[in-house]
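Provided herewith is a single structure, encoded as C-alpha cells, for subsequent inquiry.
By written order: A, B, C and D. Residues from 1 in each chain.
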Amino acid sequence: MGAGVDPALVLLALTSVLLLGSSRLTRGIRIVAFQGILLGGLTVAAHAHELSARVVALALLILALKGAAFPWLLSRVLQRADVRREVEPLVSYIISMMAGTLALAFSFWLSARLPLPSLPISTLAVPVALFTTQVGLFLIVSRRTALMQVLAYLVLENGIYTFGVGVVQGTPMIVELGILLDVFVAVFVMGIAIFHINREFDHIDANQLTLLTDWTG
Amino acid sequence: MHLLLLAIATLVGSGAAGLVWARTRWVSRVGAAGAVAGCAMAIVPAVRVLAGAPTESLRMSWQVPYGAFFIEIDPLSAFFLVPILCLSALAAVYGAEYLGAYREERRLGSAWFFFNALVAAMVVVVVARNAVLFLLAWELMALASFFLVTFEDEKPSVRDAGWMYLVATHLGAACVLALFVLLGCGSGSLDFDRMSGASAPVGLLFLLAMVGFGTKAGFMPFHVWLPEAHPAAPSHVSAVMSGVMIKTGIYGLVRILSFLGPPPAWWGWLLCGVGLTSGILGVLFALAQHDLKRLLAYHSVENIGIIALGLGVGELGLSVGSAPLAVLGFAGALLHVLNHAIFKGLLFLGAGAVAHATGIRDIDHLGGLLKRMPWTGLSFLIGAVAISGLPPLNGFVSEFLIYLGAFRGALSADTTAAVPLFGVVAGLALIGGLAAACFTKAFGIAFLGEPRSAPAWRAHEPGLAMRLPMLLLAASCVAIGCLAPLVIGMLAPVVERVSGLSPETVRGVVVSATGPLSFVALAALGILLLTALLAGLRQRLLSGRRVEETCTWDCGYARPSPRMQYTASSFTQPLTELFGLVLQSRRALVLPRGLFPRHASLTTETPDVCAQRLYAPVFTAIGRGLSALRWLQHGQVHLYVLYIALTLLVLLVWKLG
Amino acid sequence: MTPASISSPLSALLLAPFLLGVTRRTKAIAAGRTGPPLLQTYYDLAKLLRKSVVYSRTTTWVFRAGPVVGLAAVLCATALVPLGGVPAPCAFEGDLFLFAYLLGLLRFFTVVAALDTGSSFEGMGASREVTFAALAEPVLLLALAAIARTVGSLSLSTMYSGVDATEWSRASAAFALLGGALVVVFLAENGRVPVDDPTTHLELTMIHEVMVLDHGGPDLAFILYSGVVKLWLLGALLVGLIVPVRSGHVWLDGAAAIAGMIGVAVVTGIVESSMARWRLVRVPQFLVGAGVMSVLALVLTRG
Amino acid sequence: MSLIALLLIPTLLGIGTFFMKNDARRRAVLVVGAAAHASLVAATWAFPPAPLLGGWLLLDRLGQLFLTITSALFLAAALYAVGYLRREQRAAHRDFEEGLLFTNAPEATFTACLLFFLAAMTLVTVSQALGLLWIAIEATTLASAPLIYFHRHHRSLEATWKYLLICSVGIALALLGNFFLAVAASTRDGARVPLVLDSLIGAAGSLHVAWLKATLLLLLVGYGTKMGLAPLHTWLPDAHSEAPSVVSALLSGALLNCAFLGILRVQQVCAAAGQARFGQDLFVGFGLLSMAVAAVFIIGQTDFKRLLAYSSVEHMGILILGIGLGGAANFGALLHAVNHSLTKAMLFLVAGNILTVYRSKSAVGVGGIMRVLPASGVLWIAGFFAITGSPPFGPFLSEFTILKAALDQGRGGVACAYLVLLAIIFVGMITVALGMAQGPADDRWRLARPSESLLAIGPPAALAVVVLILGLYVPPAMHTAIEEAAHLLG
C-alpha cells in the first residue's frame, strides 16, 4: 500500500468539485491536466510495492497524454474558437456544487452496496472513482460548450481510470495501451470535430446544434 | 395431388412469363392461358374428391422454422377450390380482353403476374395443412390482391383504397397469426392435424378467428376496406376478390371451428348477430350508393352476412345438439358461398363490361344499356334476380336452406331460443326485400330507360372473351336453381367435415331436406315452363294485330327527355329516408333561385359509417397521442446524455438497491 | 294430386276476378251507385286480351317479359296456398318461403318493367312498391311462421288445416294479433286503401297502378289477372286463419273458406269507401306496427 | 493465421488507400479488400481458424455468424460505394435542405475509414477477451465518425458530434463495466480469472454476483447506447439519416450487430454464472421499450432515412427481446439479426439511389418511384414489406419464431404488446413507402430519365434475393450454425 494514494484520491475529488464550480474554460483545461498528472502519480503509488518498468512506462504515458497532450490540443482548439468563458451553464454553479455533494453521497452508498472481494489500494478508491465519473456525466449534461463537454468526458474517463488503477490490479498491458489509444483518438477526433463546428457555425455551443430533431411542436 | 402442384407451378410460371414478356402483345394471352390451364389442372383432384374419392394429402419437409409443406384436399377444401378455380379461370379469360384497353399506358406484365399469383395463393390457402404454409399463402394472397387493387395507382382514390385494404388485411392477419400460434402452443409443429382448442381459452381463439378471418371476409364492422378496394380494382379482379377471395375468410373460420370442438351457444348467437348486422347494414349501404361497383361491394358484405347467418344457425344446432339445425345451417352457408361466388362474379363482370363500354360507374349517368349491350344486360338481369334470392335461380336455394334450418329450430326450440331464430327469419326476409329493391334500382336505372349521358349513348357490346364468361356464369345460376336436390347431396360430405357429425346423421337430414328442395326445383322448372307457355300465348294473341311504337306516355307530358327519368337516388329515397339514422347520408342541395333559375342541384353521398364514426377517430387519436411524444427527440445532445445517465442511475438503484 | 287438392288452385284461378268484382260493387253500393256488374273483371280481361298494343320506343323486351314472368310466378304460387282447410296440391316443409319469394319475383319484374319505360311517374311507383314490399315481406313471413309455431307444423297446408276452433280457444290472443298483421299485409301487398288507392286519378299518389300505365292489351290483362290472383291468395291466407272451419269434409271447408273470401272482399270494399288513403310516410309505420303485432303473437305462442 | 489476415488486410489496405492518389485505383483496392475479406470469411466456415494470443482471438459460432454478416454487407457496400463515389465526384454540391454549397470529405479519408471500420468490426467479432472487445467497439465508433461527416454540411457535422459524444460516453460506461467485471472475477487473494470468455465461463461459479450484476447493467447501458436501444438510441436517427447511404447501410446492418454481440458476450458469462434471468428481464423491457419508441417516431415520419433508422431501433428491440425471452427465441433473435442486417442494408442502399435522383429526404417530395426508377421502386417496396415482417421474406420467419417462443413460454402480455407494436409500425412504414413508390411520376423526374446503373442496383438486388430466399427456405447448414450459436447463449 503506497503512501500518497489517499491524498491523490482526495485531490482528485477536490479538483472535480472545483471543476463543477469553474466558469473559465482555460481553468477547466488546467484542472483536467492536473487530474491527468494526479492519475500518473496514482498509477505509481498504487503499484508502489511492486514497482516495475511496465508500470513506470504506463505512468509516464499517462502523464504525457492526460497531463500534456490533451491540454495542449484543447487549448489549441480554444484559441481557434476564441471562447474564453463557458457560456452561462444550464445548471448554475452553486447548484452544480450541491449536485456534486449529492453525487458524493450516492457514490458512497453505491460502494457500500458493492463489497469488494479483495482489498483496494484505499477505501476511498471506489467512492472517489464513482464520484469523479458522475461529475464527468453531470458536466456533460449541464454545460453548453462542446469544449467543456470534451473536458467532462475526460473527467469521466479519469474517474473510470481511477477505478481501474485503484481496484483492479494487473490489467494486461495491451488492454491498458488499447484503452489509452482509444481515449487519445477519441479526444483527438472530438477536437477536430470542434474545429469544424467552430468553422461551420461560428460558435461551439453544442446546445445550439438542434437542426436534427423530430420535435416540430 | 401432383396435378395440383403442377397447377400451382403453371400459375406461378405463367405469371412470371407474363413479367418477362411484359412488353409484348402476347402478355395477356400468356397470362390468361396460364391461369386457365392451371385452374383446369387443379380442378381435377378437387372434383374427384367431391365425387367421393378419398381425401388426398401430401407432406414434404420444408426447411423453415415450424414449417412443413403439408397439403391436403378434403371435401371442405375441394368445395372451396371449385368456385375459386372456375371463377378465376373465367375472370382470366375476361381480363384478357378487359385489360387490353390499358395496353398503351402501362405494362400488363405485373397485373398478370399478380393475378395468377393471387389464384395460386388462394389455392394454397385452402389446401394448406401447416400454419406457416397457410400464413405464407394468406399474406401472399393479400399482397397480390393489394397490387391488383392499386393497378391504377396514379389515382389518389385508388391509392387510398389500396392503403386501407393493406392496413385492414394486415391487422386481420396479425390476429390470424396469433390464433395459429396459440393453436400450436406448446407443440413443436404447427401442422393442422396436431392442433386442438385445448392449448388456450377456446373463446379467445374463436374471437381471434372472428376478427382475423372476419376482416378478410368482410364482417361488419371489419368490412371498411371492402367498399373501397373492390371498386378500385380492375373488374375481373373485383370479381375474383369479391367472388372467392373474401370466401377464404369463411374457409378459415370454418376450418378453425372444426378444430375448436363443440361450441358454446354464444358463438352461434354472435355469428347470427354479426350476420344480421352485416346483412342488413350491407344492403342498406348498397341501396345508398350510386357507384355500381361500390354498390356491388356492399352487397358482398350483405351476402357474407347471410353466410354468417347460416354458420350461426349451424353452430347453434351443434351447441343445442339438434342435427337438422346444424346441417341445414352449414349446408345453406356453404351453398351460399358457391352461389355468391357465381352471381357476384357475374355482376362484377357485368359492371366491368359497362365501365369498359362507357367509362362510367355512376349509375345515375347510365341508362338504356340493354338496347346497346343485350347480352351483358341479360346476364346482369339474371345475376340481379339471383342475388335478390328469388326463384327460380340459385340464390333462393341457399337462402331457402338457411330459412329451413332456422324455421325447424324455431319450431322445436323453446320460446327464448325461438324468438331469435324468428329474428333470423325476419332478418333474412328484410335483407331479401331490400336486396330486390337495390337490384331493381341497379338494373333498372343502368340498363333500362333512356341513356342519361353521351357515353351511355355510344355504349357497345364487348367482345366474345368478355361476354362468354358472363353467359356461362348466368347459365350456372339457372342450373343450380333447377338442380337444387342434387346440389345438397354433393354438400353432405362437406357438411360432415364442418359439423363433425356422423355421416348417417348428416345423410338423414339431407334426405329430409331433399323433399322440399325437389319441390323448389319443380317450382323453378314450373316458372320457366309457364313463362315460356304464357310468352307463346302472348305471341299467339298479338299475331296479326297492330303493334305500334310511340314515345312513353308520360301522363300526357309532350316530350319527355332522358334527364327527366327517375334517378337511382330518387328511386331509393324513401328507403334511405326510412333508415336515415343508420346511413347518415350527406346531401348538398342547391335550390333554384330567381324567376329564371340557371342552376339547381342535389347531390347525396353515403360514406361508410364505421369508417367515419369508428376507425377515423381512433386512428387520429393514436396519431395525435404519438406525435405528442416526439419531443423525446428534441435534438439537445446534453439531454440525450442525461437519458443515458438517468437510465443507468435507475437501473443501479432498482437492481442493486 | 287429389281432385280435392286441385280445388284450391282451381278456385283461385276461377274466382279471383269475381272477388274484385265484389269489392267494387260493395264500394259502389256504399257510395250510393249501382256500380259495375260482379263479373266486370272477367269482361275487362276478355276485352284486354282481344286488344292490340302500343309500346314505347324506350322499352325493351324486359317491358314485355314483365307481365308474363309475373303471371307465371303467381300461377306457381296458386299451387302452394290452401283454401282454408282444403290442402294445396303442393305442400312441403317451408313452402311459405317459396310462396313469399314467388310474390317477390312477381314484384321484381313488375318493377323493372315499370322502370323500362323511363317515365318518372312509373319510376316513382316502382320506388314506393319496393319500399313497402321490403317491409311487408318480413311481416308476412313472421306472421305465417308464428301460425306454424302455434300449430307446430312446417308447411302452409298442414298448418292451416291445424287452425281449428280448439287452437283458437288455445291461442286466441295470438291468432287475433296475427289476423291483424295479415290484414295489414293483405291491404299493403294488394295496394288497397289505406295504403294505396287503385281508383285514384292522380298518378303522383299511385303506387301499383302507376307502374302499369304504359301496359296495354294482353300485357295489361296478364297484369290485371296476376293482381287479382295475388289478391285471392293473400286473402286465402287471411281467411284460413280467421275462418277456423275444419270439418275435415273438403266441400264444407271449401265452401266456408270461399264464403270467408267474399266476406273479406266486402270488408275491403267497406274499408275503402269509409276511409281515405294515408300519406305515404305513414305506411311504413303501419307495416312496422303489423310487424310488432306478429312478434307479440310469437311471444304469446307457447311452443 | 487467417484471423491475422482478416484483421490485417483491411487495416493495411486502409493505410494504403489513405495515401493513394488515383481514385479509380483506390476504389479498386476497396473492392478487392472487401472481396478478399469476404472470401477469407467464407473459408473460415470450411476451415475453422486457430485461436491466437492464447485464446484472446478466437472465432466461435456467434462471432462467425456476425463476422459473416458484416463481411457480406461490406462487400455489397464496397461495390455500391464504387458507383456512389463516382456519382459524388464533384467539386461542390448544393445542400438540398439548406441550399448552401458544401464539399465532400477527401475520398481517400473516406475509403481508408471504411476499411478501418471493417477491421474494427472484424476485431469485435473475433475477440474473446472482453477488454479487447471494448477496445474494438470504441474503435468502430472512431473509425465511423469521419464516415458520417463525409458530406461536409451542418447537419452531418451535428450528427457526427452527437454520435461521437453519446457513443463515447456510453463506451466509457462500458469500460467501467469491464473493470467491474474484473472485480467480480477477482478472488480474495488478489489473483483474478482472466477476462477471457471461456475462462470466465469456466470459473463462472466463483464470480461475485453483485459485481456481476452491476457489470451487466453498465455494459447493457454502455453497449446498448451503441446498439441503439431506447432511450439510449438518440444518436442513431441523426447519424443514420445524415451519413451517406452506403455508410448508413453499414452502421445499421453491421455496427449495431457488433454492439449487440458485446451484450451477448456478457450475457453468456451471466448465464454461465446462473444469472441469466437477471439480464433477460431487463432485455425484455428494453426490447419492448425500443419497439414502442420506434413506433412513436415511425408513425407520421416524413424523412425516409430517419424512418429506416427508427426501424433499426425497432429491430434492435426485437433482437434484445428475443434474447430476453431465451430458449427458442435465441434462435429467432440470431436469425432475425441476419435477416434485419441484409434487409436494412438493402433498403439504405436503395434509399441512396432515390436520394441521388430526387435530392430530397422528405417522403412528401418523392413520388412515383415505380415509374421513375422501376428497379429501385420494386426493391423499395419489397424491402419495406420485408422489414415489416410480411411473408415471403426472411424477417417474417424470425419474428414469427420469436412470437411463438413468447407464447410457448406463456408470456401472453409480451406477445400481445409485440404484435400490436409490429402492427403499428407496419402501418407507419408502409404508408410512407407506398406514398413514395406509387402514384404518378412528376415530369421533372420522368423527363430526366435517370438511368439505374448496375453498381447501384446490383448490390441491393442481390441482398433482396437473399432475403427472399431466407423467407422461403432456411438452408440446413445455416440453420445448424445459428442453432449452435444460440446454444452458446444457453
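Observations on the structure shown:
Going forward, a contact is a pair of C-beta atoms (placed from the backbone, for glycine too) under 8 Å apart; a residue touches a chain by one contact, two chains touch by 3 or more.
Owing to the predicted nature of the structure, the values given are computational and were not obtained by experimental measurement.
Between chain C and chain D, the least number of touch steps comes to 2. Using CA-based centroids throughout, the chain positioned farthest away from chain C is A.
Core chain by CA centroid proximity to the global CA centroid: B.
Centre-to-centre separation of chain A and chain C, using mean CA positions: 100 Å. With centres defined as mean CA coordinates, chain D is found 44 Å away from chain B. Taking each chain's centre as the average of its CA atoms, chain A and chain D sit 30 Å apart. Between the Cα centres of chain B and chain C there is a gap of 36 Å. Shown for chain D are the residues in touch with two or more other chains, namely 161-162, 165, 169, 210, 214, 237, 297. Among all residues of chain B, those that touch two or more other chains are 627, 630, 632-633, 637, 641, 644, 652, 656. Of all residues in chain C, none touches 2 or more other chains. Chain contacts here follow an irregular pattern that is not a line, a ring, a star or a complete set. Under the contact rule defined at the top, the touching pairs of chains are A-B, A-D, B-C, B-D. Only residues 627-628, 630-639, 641-642, 644-645, 652, 656-657 of chain B touch chain A when the two sit together in their complex.
Taken together, the chain A residues at the contact with chain D in this complex read 113-118, 133, 136-137, 140, 146, 149, 153, 156-157, 160, 163-164, 167-172, 174-175, 178-179, 181-182, 185-186, 189-190, 193, 196-197, 200-201, 206, 209, 211-212, 214. The touching residues of chain D, when paired with chain A in their complex, are 129, 131-132, 134-135, 138-139, 141-142, 145-146, 149, 152-155, 157-162, 164-165, 168-169, 172, 175-176, 179, 182-184, 186-190, 192, 208, 210-211, 214, 237-238, 241-242, 297, 301, 306. By the touch criterion stated above, chain C contacts chain B in their complex at residues 49, 51-60, 62, 64-65, 68-69, 71-73, 75-76, 79, 90, 92-95, 97-98, 100-102, 104-105, 107-108, 111-112, 115-124, 126-128, 130-131, 133-138, 140-142, 145-146, 148-149, 152-154, 203, 213-214, 217-219, 222, 280, 284, 291, 295, 298-299, 301-303. Within the complex, the chain A residues that touch chain B are 90, 110, 113-114, 137-138, 140-144, 149, 206-207, 209-217.
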